Structure formats: C-alpha cells, structure tokens
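I've put the structures underneath this note.
The two complexes that follow have chain A in common; it is paired with chain B in the first and with chain C in the second.
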Partner chain A sequence: MTLRAGWLRNLVILLALWELLGRLHLVASGALPAPSVILLKLWADRADYPPHVLATLEASILGFLVGNAIAIAAGVLFVLSPVALRLARGVNIAIFALPPIAISPVLVLTLSGMTPRVVLAALGCYFTTMTATVLGLTQADARSLDVVRAYGGGRWSMMRLVQLRSALPSMLGGLRIAAPNAVLGAILAEFGGGGRFGLGTYLLGSLGRADPPRLWGIGLTATLIAGLAYAAFAILGNHIAGASRAVTIPAAAPSLPGRHSRLASILLALAAIALPLVLWWLLLKGLGVPEMIARTPAGIIDYLFLADSAGSAQSRLLAALAETLPITLAGLLAGLAFAFMLALLVDVAPALGRSLMPVALVTQTMPLVALTPLLVLLLGRGTAVTLWITISVTFFPSFVTIAQGIMMVPRPALEVPRAYGAGKLKELRLVAIPASLPYLFAALRLAVPRALLGVMIAEWLATGKGLGNLLNQSRGYLDYGMIWTVAVVAVLIAVVFHQVVIFTERRVLPRLGMTTVE
Partner chain B sequence: MAGDRSISFRNVSKSFVARGERFTALDDVSMDCPPGSFTALIGPSGCGKSTLLRLALGLDQPDRGDIRIGRLAPREATASGDTGVAFQDPALLPWRNVEANIALPLDVIGKPRSAFRDRIAELIDLVGLKGFEKSLPGELSGGMRQRASIARALVTRPGILFLDEPFGALDQILRRQMNIELQRIWADSKATTLLVTHGIDEAVFLADRVVVMQSRPGRIATVIDVPFARPRPKELFTSPAFHALNDVVTTALHGA
Partner chain C sequence: MTLALHRRNFLALGAAAAATVATGRSALAATPLTMQAAWINDAEFTGYFVAMDNGYYAAEGLDLTYLPGGPDVIPEASLVAGKADLALTTPDTTVKAIVEQGAKFKIIGTQYQKNPIGIVSLASKPIKTPQDLVGKTLAVPPVNVISVEAMLKLNKIDKAQVNIVPYAYDPTPLIKGEIDASLDFTTNVPYTIKQAGPEATSFLLYDFGFTIFNDTVVVSEDTLKAKRKELVSWLRASRKGWDENFKDPNAYPPKFADTWFKGTGRTVENEVFFNNAQKPLMEAATGIFSMSDEAIDKNIAALSEVGIKATKDMFDTSLLAEV
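Now for the complex of A and B:
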C-alpha cells in the first residue's frame, strides 16, 4: 500500500519535472518537449495513428500467436525427447543471440507483405516462451508424476495430466515477456522496409521532420502498446495461475540431463551446429526465393572469399567491424558496470531499491531500441548516441538480474559478518559481491545480444558508421551479397560472444564453488 | 484381470549412487504375498521399504532379481489397471478438486469417469470427505488430503493394493478409525495388500504377516505371522495377546 503510494508520488514528481524541463526548453534545445505538448500533438495527429497502430498490432498479434504456438510445441517436444533438445541447441542459441535488426532486411527480401514483421515478432516470442515451457514442464512435482506412472501412465499421460497444467504459471510468465517482445519485433521489421503503415514506419518517416513532439507521441504510443500487452498477460497470469512471482528474462538456452556416450554427444553437438545451416538452406529452397536475391551458406562463402569482388567486400566488412565491435564491447561493459554498481548501492540502501525496481521492471517491457529516434533527438548523431543507446538497453535487464541475485542471498548470511562487527563495505566485499558473481555472468549473457542490437540500430539510424550502416547502405545499393553477409556475421558474432561468456563462466564459477544461474 | 493376484520378489537388489558413492538400498530380498493376503512391511527409516514398493510398481528397476505381479512384470500389471497405490505424500494435483483427484487413475488407464460416479461418491463417504467433493487440495487439512489419496488408491477396485505409510500424517484417533475401515475394505475386496508402515500396532492389527526389515543394507530380518481371527474388532487394540505380539515385533525391530 505504502509502496504503491510512494510509486504514485514519484511518478507525479517525475511528470512535473519533465513538464518544467520541456516548457523551459532545457534539454537539447527543445528535443524533450513537455508532456502536455506531446499530448496536444498526439491529439492533433489523431487521424494519422489508426492505420499505423493497426498495422503494428496486426503483425505483433499474428507473430505472437505463431511464435508462441511453435515455442510451446517445441518446449513439449524437447521435454519428451531430450535428443531433440540437443539437436535444436544451435537453433535455440542462434535465436536467443541474434540481433533482430540484422536479419530484418533479409526477411524483407525473401518474404513478402506482412510476413517479415510476423516472423520477427514470432522470433521475439520464441525463446522466452520455449524456455519457460521447458522449465515449467520439467519442474512438475515428481510425486504427482509417480502417481500417474504407478497406474501405468507413460510419457504422454504424464504430460497431459500433470506437466502441461503445472507448467501453466511458468508458461504464462513467458508469455508476459513475449508480448512486448512481439511488438518490438514487429517495429524492428518495419525499420527494414516494406509497407506504408506501422508505428516503426511512422517513426522513421517523421525522423527528418524536426518535430520532436510527434516523435515522442509515436514512442509513447509504442511503449503503451507494449506495456498493455505485458500488463494483460500479467493479469491473466495472476488470475489463472495465481502466479505473481517476478518473471525475469531467461538468459540461457535450456538443457536437460541425458545419458549419451562421448561419441554420441559429439555427433549430437555437430548436428546441432549443422541444423541452423540446413534449415536456412531448406527455407530458401522451399520458398523458392530467386537465385539473385537468395544466398545459401555456400553463396556467402563465395561472396566473401571466392568472387572477384571478394576483396572489396572483405575490406568493407572489416572496416565496419572495426567500428562496431569496440563500441559494442564498451557499451556492454559500461551498462553492466552501471548495473552492478547500482545493484550494490541498492544492497546498501534498500529503500532505493524499492523505488528503483519497479521502474527497472517497467523499462524491461518498453521497446527501448525501437525508441532510438528519441535518443537521436536528445543526443545528436555522434558516437555518444551509440554508446548511450547500448548502455540503456543493457543496463536495465542487467540491473534486474544482478539486484534480484543479491536479494536472494539469505538474510542470515548477511548477518553473520554484521554480528562480528563488519561495516557496510566489508559486508559487501564478503557477501554481496561474491554472491552476485553468477548473476553478473547471467546478466552478461542477456546483455550481449542487446548490446549488438543497440549499436547496430544506432549506426543504422543515426551515426552512419559500422555494421548497422553497412547493412542499411547495402539495402540502398541492392548489394544482396552484403545484406546476407552482414546478417550472418552479426548472428555469428552474437553467438560466439555468448559461447565465450558461457565457456568462461563454466571455468570460473566452479572454481569459486558456485553454480551458474539460468 | 482374472487370475493370479500374488506378488513375488525374487532375490531383488537395488543400489543407488549418491554423491559419487554407490550404496546398497536393498540386498537380495525375497518375499511372497499370496493372493488375497495382507502383508505389513515394517523397519527403520531408510531401510528400503519405499524402494521395494517403487520397484513393485515399476517406478524403478532393480539391479538384480525379478518381481512379478501374478505372472506379469510390474509395468504390465500397473498398465492393466488392477493395482492401486497411496504414497506417504498424498501428491494430489493442486488444480483438481477432491472428486477429480480421486478419478485420476481412471484418466490414466482410460476409463470413463461417468461409469464410476457412484464408486467415487461411495469412496468420498467412506473416507469422510462428504461435502468436500468440490474442494481443492489447498483448502483441505493434511489429514483430509491423505484420506483423498486413499480414496484415489481404491477407485479402480484394485486387486492389488500398495500403501506406503498412508496414515503417517493422521492423528492417532483418525488413524485407528482408518485402520478399522481399511480392514473392512480389504475383507470386501480381497485385494492382495502390501502396507508399509512405521506403526507396530497398525501392522499387527491389519496384517496376516508382519515382515520386519533391517537397514544397511536393506534386508528382511524376520517374518512374524499374526494369528488373530478376522474380522478383528477394535477391542483387539487393548487385548493382552495383541500387546504380547506387539512386543515380539518390537524386539525383532530393535534386536535385529
């Protein structure tokens, strides 16, 4: 109750402050308009909105339905057959790690109409829902499963009578995160082109018009839609499953114990790496995409290493990478460092945490990266904007993950050092910092794909440098080989980064007697 | 499932690996329960009683030895729908009401619930849950949940009944009542019953034979026959002969 009142008070203070800043043109000479001005502009533009909102909604909803249907079916399959889960590991990690913006142009090239948007929205849903399904299904009460088995029930009976129902809270938790992800996916696909309507299209179209209140109006509308989608599933979850536990974004592809010989394990791992390539190839053949546009894995090797123009392609790609990689790393580390320090600060001053946590949770549901034009407005088109976008998209999920990790430290563990007279700093050093290490790694896993996404979007829309810009330029030059190459390279970078983190984590944590967290 | 309702364990051994170390939970256990008999299994905690039951239900596989329910292997017997089981933990599904929880075995073996309406009502009455048919497990006390799980074990009118400390969570008074009810149910159904318990008086009151186990490794120490005529009245609990036999079992347990 008091928590809620404090929340409301903070909101009012924030709005008043914002109004004041806007009225006085204090931020970037008017780039941050007052809320009242934004609302008036929204009202003036009210005739423009319906087709855009409807287009984005349509793609989001379709993608949400398709993506989650596939995710739930896949989750059930993975639990029934751990071999299938191992085979799909490569696909799962790729989908987790891929920066949506990188494959947006490829989708627009190979698919038509609304389909690219639906696919990107569906991809945004797949991972969280699939992971939540697998977790929910495998965490069903073992004793209830025994009862079913004791009456001769097989795997399918256990699934039907116990697991599916007991996984419901977890699955609804997954859907809650998937809902705003679908909106984000749809908007990012709109950035890739195709179609006249959609909030993303509207946002891009308004970017050049020097009309900050309009941009803010679109951004707030997108945020509102994503927030409502999240809230709808939060309420549904509470209602159906009585599940009100805070849901965090999964940061690892699920795995189940299986008994395989060494040889079988190696073969499965190789098959898991091959599967995404095979699927890619099959999709292109199956869709009958014209040779000129489509690039198979072999086509990309040809483009990058064998063709006459390979030298020029390589040098352009390397130049772009030299721009993108350092700033991705810098933004990633800065976002993580801020998150870590703030989480520790919250541990020292819990009252701060109580007011920050809701804000951090809310921002998780915002299609932050889709609001890049707003940041461009505020920060201009230099490198600073890239850095800030990257920090803003990596900071919040990292903060939530680390802070929740620290909160999970049992009270008595904190009180032992205190009982021996340890001060706050010593307590941090002895308990909170070591305890948060596994969560720091989890946050890193979560932040890697986001950092790359943030940098590429900033490059695409604002700075005109690096991988994002190369992708955007190649669209203009109809350089299909480069469009495909950038998409593949971006996904590979994200996957390799992710695997490096996991590799390091598996070396470091056990040595300190810790285990990894999901 | 006409025919043989016997249970037989032949040289059954089972070991587990815990924290990298293998230890023997059951070592060469042989035992026969003739059709229609009531066997009580008693022994110190951790001696492998539950493990033995789980093997008989096909929930785990023995390392060595053979288990038969009639002529069938455990998994075949349970799939035929002639076995019933209640575990120490009621393990009710929290989203099903009492009625639907009792009907769970029917859903597993694929029998229509409608054909068992009367049976379910009768069982609910029997275990004293009348009026709670539509309650969810979360709304019941521990003892009530336990009684629902016993009703669930009986719903298919099983020819073979496995009970793993089913009355462990009940208070002494209710426990006595349930003992007397169980005797009646058993006499009516002639189900071959294997009851795991840590209550010596319960074992002696209900069983034809009390099998006493010892631990580390789990083995059968002795088998004590219970000669009392049936039906056994509740006055038996206070008779000197009953106490004398209780003492025999106690000695076997602690002297073993």
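Now for the complex of A and C:
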C-alpha cells in the first residue's frame, strides 16, 4: 500500500466517524457538528468571509515579509559578526519564548491600525527564519569557501557566492514554519485590536451566536490558510532544494563559537540582558506613547513595589500566578509524556506513525485561537479545558521531535541488542529511550512557550482565571500598569523556564556522552 | 499643465456649493472627529448610522470617523491612546478608571437612560428575580462581575450563594443547559436564543436597584476643552439620527443589512427586534442623551454599592444644555 493511499483511507475513516458523531449529536449535545453541516454553513456564510479573510491575509503577508526580511538580515549579520549574535542573545531568547498573547494588548495600545497585527505576525516569523538562516550559512561547504578565499574573495564575496546559496534549503525550511506562525500572530493581535474585519474579529463576534457550525467554519478556514501557506513553502522548498526536510522547529537560540576573554564574555552577557530593556525604552520614547499607557522598566518596578497600590497589584499578580503556573506545568508534562509514549509506540508500529503525521501537521498549523473556542464547546469552561488545550498544543510538536530522535538512532546501535536476541521492548529500553533523551530536552524547550500561550489563551477566552484573565480584566479597568506587568512577567517566566531547561540539559547530557540538539 | 475645468468636475463643484448654501453651514472645511463605539456594528448604534448616512454630521460641519467596538475593545482605551475623541462606555468601568487609575474623563451624555444589561435565562428554567439566582450558575463577562455583585448585595443575597463563571458572549452554554443564566444585553440576546430554538426570559439589573446608565458618552478633559463646539454638534446630529430612527424602529435596520450590518453574521430580524426593544430604555423627556440630576444621583448611589466613589463633577451636563 502506498503512503498516499494510507493517508486517504485514514482521512476518509476519520471524516466518516466525525460525520456520524455530529449527525447523532453524540458529543456535547451538538457542539461537534458534522463536517457536512459545517460545509453547508460555510457556504451559507460565504458572503461574510472575503473581507475577514482578506484582512487576516493582509496582516499575515505584510508581517511575513517584514519579519523574514529582518530575520534574514539579522541571520547574515550574526554569521558575519559573532559579537552581534552574543549581544542579541537576550533579544533572540525573549522573542522565542514570549507568549504572543501576553504582548498583544501592549502592542494594540501602543500602535494603531493594522500595525499591531503586522508586528505580531512578524515576531512569529523572526525566530525560526533567523535560526534557519544562521544554521544554513554556517553549514556551507568549507572547500567552496576556500576556493573563494584563495582567489582573493573577501567576507562578503564568500557570503554572496557560497554561503547564501547553500543556506537556501535551510532558509526555505524556516520560512515554511514561519508562514503559519504569521497567521497565528495576525489573528492573535485581532484580540483586543478593534477593527471590523479579520478572522479573529469574526470569531470573537461569532462567539455570541450560539452557532457551533460557524465557529468550526472559521476555525477550519484559519487552519486552511495556515496550512496552504505551509504547503506552498514546502513545495517551493522541495522544488528548489530537491529534498524534503523533516518537520522540525528550532528550539534554541543559535550560538557560534567565539574567542573572548572572561571579562569580555561577562560584559557581553550583561549587554545581552540589557539590550531588550534598552530597545523597550527606545521604542516607547520613539513612538511617543501616551503617558497613562506607557510603562518603562522603571515604571513597572514602581507599579509593583513602590506605588501606593503596589500591595494590591502584588497580591493580584501572585494569585493569578498561583492559578496559571501549576496548570502550565501539568499540561506541559502530560503533553510531553503522551508524546513520548506515542513516539515509542510508533517505533514499534511504524504504520501508525505514517497515519499520524498528517494529523500532526494539521494541529501544528491550526491557529491556537481558532482551536480554543472549539475545545470550549466540547469540554466546557473548567480546568479540564485549559489542561487539554495545553496538552494539545505541546503534544504534537513534542511528538514529532521525539519520534524523529528515535528514528535517527544509528542502525548498528540497534543491531547489538538484536544480535543478542533482545525483543522489540528490550531494544527500546536499552537503545531507543536513552537515545531519545536529547530530543526530549529539545521538545521541552519548544513546548514551554507553547504551553504558556495555550494556558493564557484558555484563561482569557474560557475559564476566567490566572494570568490570561488578569490581562483581559486589566484592559477593562484601564489598569495599564498591570497589563505591562503581566506581559513582562509572562515573558520572564518563559525565559527563565527555557534557561533552566538548557542548564539542566547541559549538565545531564554530557554525563551520558550525548550532545544537545537544536 | 493647463487649467481645464472638466464639465463633470464643474457640475460637482456646483453641487457642492449648492449643498453648502442649503445647509447654511460651512461644509468646506469639515472638522474631523472620531467616535469609538462600544460594540460591533449592530442595532445598538442605529442612530449614528442614520445620522452618518443622512448627512447630519456633515451638515454640522463634522467629518466623523466611526470606530466599531467589539468584545475585546475597551472604548475608554481609545480615548487614552488618542485614537478617538469620544467613546461610548459602560459608566461603572469609566468611573472606576477615573477613581483608581486617575484617568481624566468626563461623561457628557448617555445613550441609555436604563442600562439594557440583565439576567437572561431559558423560559423553561426561568430566573425572574435576583432571588431565583440562589444556587444557580451565572455566566458574567469579567469586567461586569462588579455590577452583578452590586445587584446581589442590593437585593441582600450573599454572592457566595451564586456560582459566577466567566462569560464570553456565547449563549451556547445557556442553550445547552451548562449554565443557568448569563449577563447580557436583554434587548438582543433573548431573540438570538429564540432563533437558535428555545424561548428565553430576562430581567434588567436596573429594575432591581442597579440604576446606572449605559453607553455613556465620554471624552477626555483635554478634548472637552479643545473641541467643545464639535462635541455639541456631535450630540445635536446624533440626537437627530436617533429621533429619525425611532419614528419607525422597523424602518432603518433592513436598509443597513448590506452596509453597516454586513459581515456581523446576525439576521436583520434580530436587529429589528433589538431596535424596538431599546426604544423605551433610551427615550427621555428632555431628549436622547439627557442626564437629569435625579438620574445622576441614582448612578452615584448604585455605584457606591460596588465601592466605586462616583461624584457629581464626573458628569458634565453643560454641553447638553447647548444642544
């Protein structure tokens, strides 16, 4: 049986099952409509869609162009100047780790019109493309570089003639992942962004219609856009690079070896930490943000520790953190555990893996905001929905990363237990599980920001608890100090979490004779 | 380039000149003014759509930009960010922002004399008074929780006896029986629910002691100083739009089906129902937007129940006097 026929069969079975469940109102008394009902609704609403789709496309495409242009320029700069890369490390990690929903209200307040959507879409593209560019440029063939150098070519000739060309496949791989991220960013900035058109606006407006088929229709449309963007770059990548690459997402900020004295290293690290704060301050001053809205780093310290209302602000923040953090951790660990178990299962039964990959692709491209109201319809508004959203957003990327790790176990390593007569399970225990450890860490780094994003979206839209709700409620009360504080705290938590994982990883893996994977 | 006046241009110029003469006000240099609405384009704002389409603002010399709201738009935030000159707001959040955040706002009028917000439930499991809420699950949007707690307190009900869960303006959980009641616009949501199947019932918070306005017209103190004349013009033109709309509440909503109401995904029948239902909540003896001393006192009293210290000087009735 060919791979394609297998996908098709599974898809047909899935759709038939869905249709049956929907027709019989078996799930949440009709909250899961049959696919045919959703399609009919889409057709009935067809006049509504064009302006919403166009607005989301406009912001996504503009953000995609701006974000990737900056990302590629930054990637080139970082390869040319390792000092610049070390300086930008803080900014890079912050952009990787920040949950977009946390800064969406701040962007909407400080920028106007389509700009917040474009900026959030651009931020979603930056990290993957920048990392892919750096990786691609540094992996250029050394012999080709030597040829250019031997003929008197300078740094720039080497970059232009060899490195940029050889980096193209890697860059296209980055663009492919950036495309759905741009769509997610554009939609997230529509939350609280005002404006009449956009799929996010349509989704929020439709929440009040008691009409599950419409919500599913919007969700699937958003998924389709993100999926098509992904597919377009995948096809382009295959066409140009002539080889398909694995579905991986970079999970660590790139670093290049540099030779600096201890003092220079410390200074560079301090500057890297200071740079995001300096940029933040410069942006506020440059944009001329109204005083009541703008908060500088010092302003947040004042709000949280020195002002008269600091006590109240602290207690509200701590109460929200106490609600958000445990469920983030629980969802993260459960998502990783499921992913790990499924990856092992797939290793034992490879056919299962092939049929699951398309599902993994869909959930990776499905905008999280579109998914959330659908899960709320199915699961209600309790802790369960937060947990499931978190698990579902961390599960598939983790699964893909870990499954690939297990697949890359060298054959000779597997042949040793086999030769000694070990069964499949023993082989897993002795070889595959230990070998997948670096990938488990990579999956964890990748999953941390997604888990926090998932929890905050669920809190904002569904459960009315924790940091997500505090952010939403503070907007209503014009409590700008709290909005900035929550944004900063959410980013700090993600960054600290990320650094803790990296720290642990660097201690644990070398002891086992392994290296980290990007 | 030669100065050739094309015939069509000439005609347009003539028409513009005629219009200027006809209105008696200078339309040559219309003053820009931006308003931030409180919700998506629905019947709640019919009066402004009428005034725009019929040229009432232009006749007052205003070049009005209309910004729609939505579930996630905080109208006051548009004032603070300088995106709008005036906003339609919920008075409890506006006053809270003045008191707690030091926002420099003034309330210069009110669209609703009686807040249309109320408790909506299914007719098959009706909740007709605050007492009926005891032991029930009530969904409330996060920023409105204080209003509900005030209403419960006014009716001597311990808030611990009602299970308050967050509400995202989605009647599905109510229809599915997951919750018993929700806090929403009574002018609108009962009809939306009916269109989805079941009959709904509702009561106003206003009728049980929480006597506040809604869609209060709010400006910053700076705008009030700089654009006083334009604000009076806006009140006058808007009032004219509402008066025209209420001559026959069934007339205008169908006309806006393909313009203002396009893309909201709601039926025109729903907007017609809404427009009829809001009429008694908006009308005032002294005209739309009026704020009588008695009504202002009622607002202050109701808000003090929630611990929000409103004062009389937050309401400025002097512009209405000039209309």
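Rule of thumb we're sticking to: the second predicted complex is superposed on the first by the 511 of 518 C-alpha atoms of A that agree within 3 Å, B and C clash if a C-alpha of one lies under 4 Å from a C-alpha of the other, contacts with A are read in each partner's own complex, and residues count from 1 in each chain.
Everything below uses one rule, namely that contacts are C-beta pairs under 8 Å (C-beta built on N, C-alpha and C of every residue); 3 or more make two chains touch, one makes a residue touch a chain.
In this text the structure is predicted, and so the values were computed from the model without any measurement.
Participant: With the two complexes superposed on chain A, say which partner A:L161 touches: chain B (first), chain C (second), both, or neither.
Facilitator: first
Participant: Can A:P290 be said to touch chain B (first), chain C (second), both, or neither?
Facilitator: After superposition on chain A, A:P290 lies in contact with chain C alone.
Participant: Let me test your reading of the model: by the given contact rule, A:L377 touches which partner, first (chain B), second (chain C), both or neither?
Facilitator: After superposition on chain A, A:L377 lies in contact with chain C alone.
Participant: Looking at the overlay, what does A:R143 touch: chain B (first), chain C (second), both, or neither?
Facilitator: In the superposition, A:R143 contacts chain B only.
Participant: So which one touches more of the residues on chain A, chain B or chain C?
Facilitator: Chain A has more residues touched by C than by the other partner.
Participant: Now for A:G90: first (chain B), second (chain C), both, or neither, which partner does it touch?
Facilitator: neither
Participant: Starting from the residues of chain A touching chain B, keep only those that also touch chain C in the other complex, and list them.
Facilitator: Looking at chain A, the two contact sets are disjoint.
Participant: Within their complex, state which residues of chain A touch chain B.
Facilitator: Residues in contact with chain B: 141, 143-144, 146-153, 157, 161-162, 165-166.
Participant: Show which residues of chain B lie in contact with chain A when the two form their complex.
Facilitator: Where chain B meets chain A, its residues are 54, 57-59, 75, 78-81, 83, 85, 87, 89, 91-95, 104-105, 107-109, 152, 156, 162.
Participant: Using the touch definition up top, name the residues of chain C that touch chain A in the complex.
Facilitator: 40-41, 67-74, 76-78, 80-83, 93, 96-97, 100-103, 142-143, 165-166, 168-173, 175-176, 178, 184, 189, 192-193, 196, 262-266
Participant: Can you list the residues on chain A that touch chain C in the complex?
Facilitator: Residues 28-31, 45, 47-48, 51-52, 109-110, 112, 191-197, 201-202, 204-212, 214, 290, 292-293, 309, 373, 377, 380-381, 461-464, 469, 472-473, 475-480 of chain A touch chain C in their complex.
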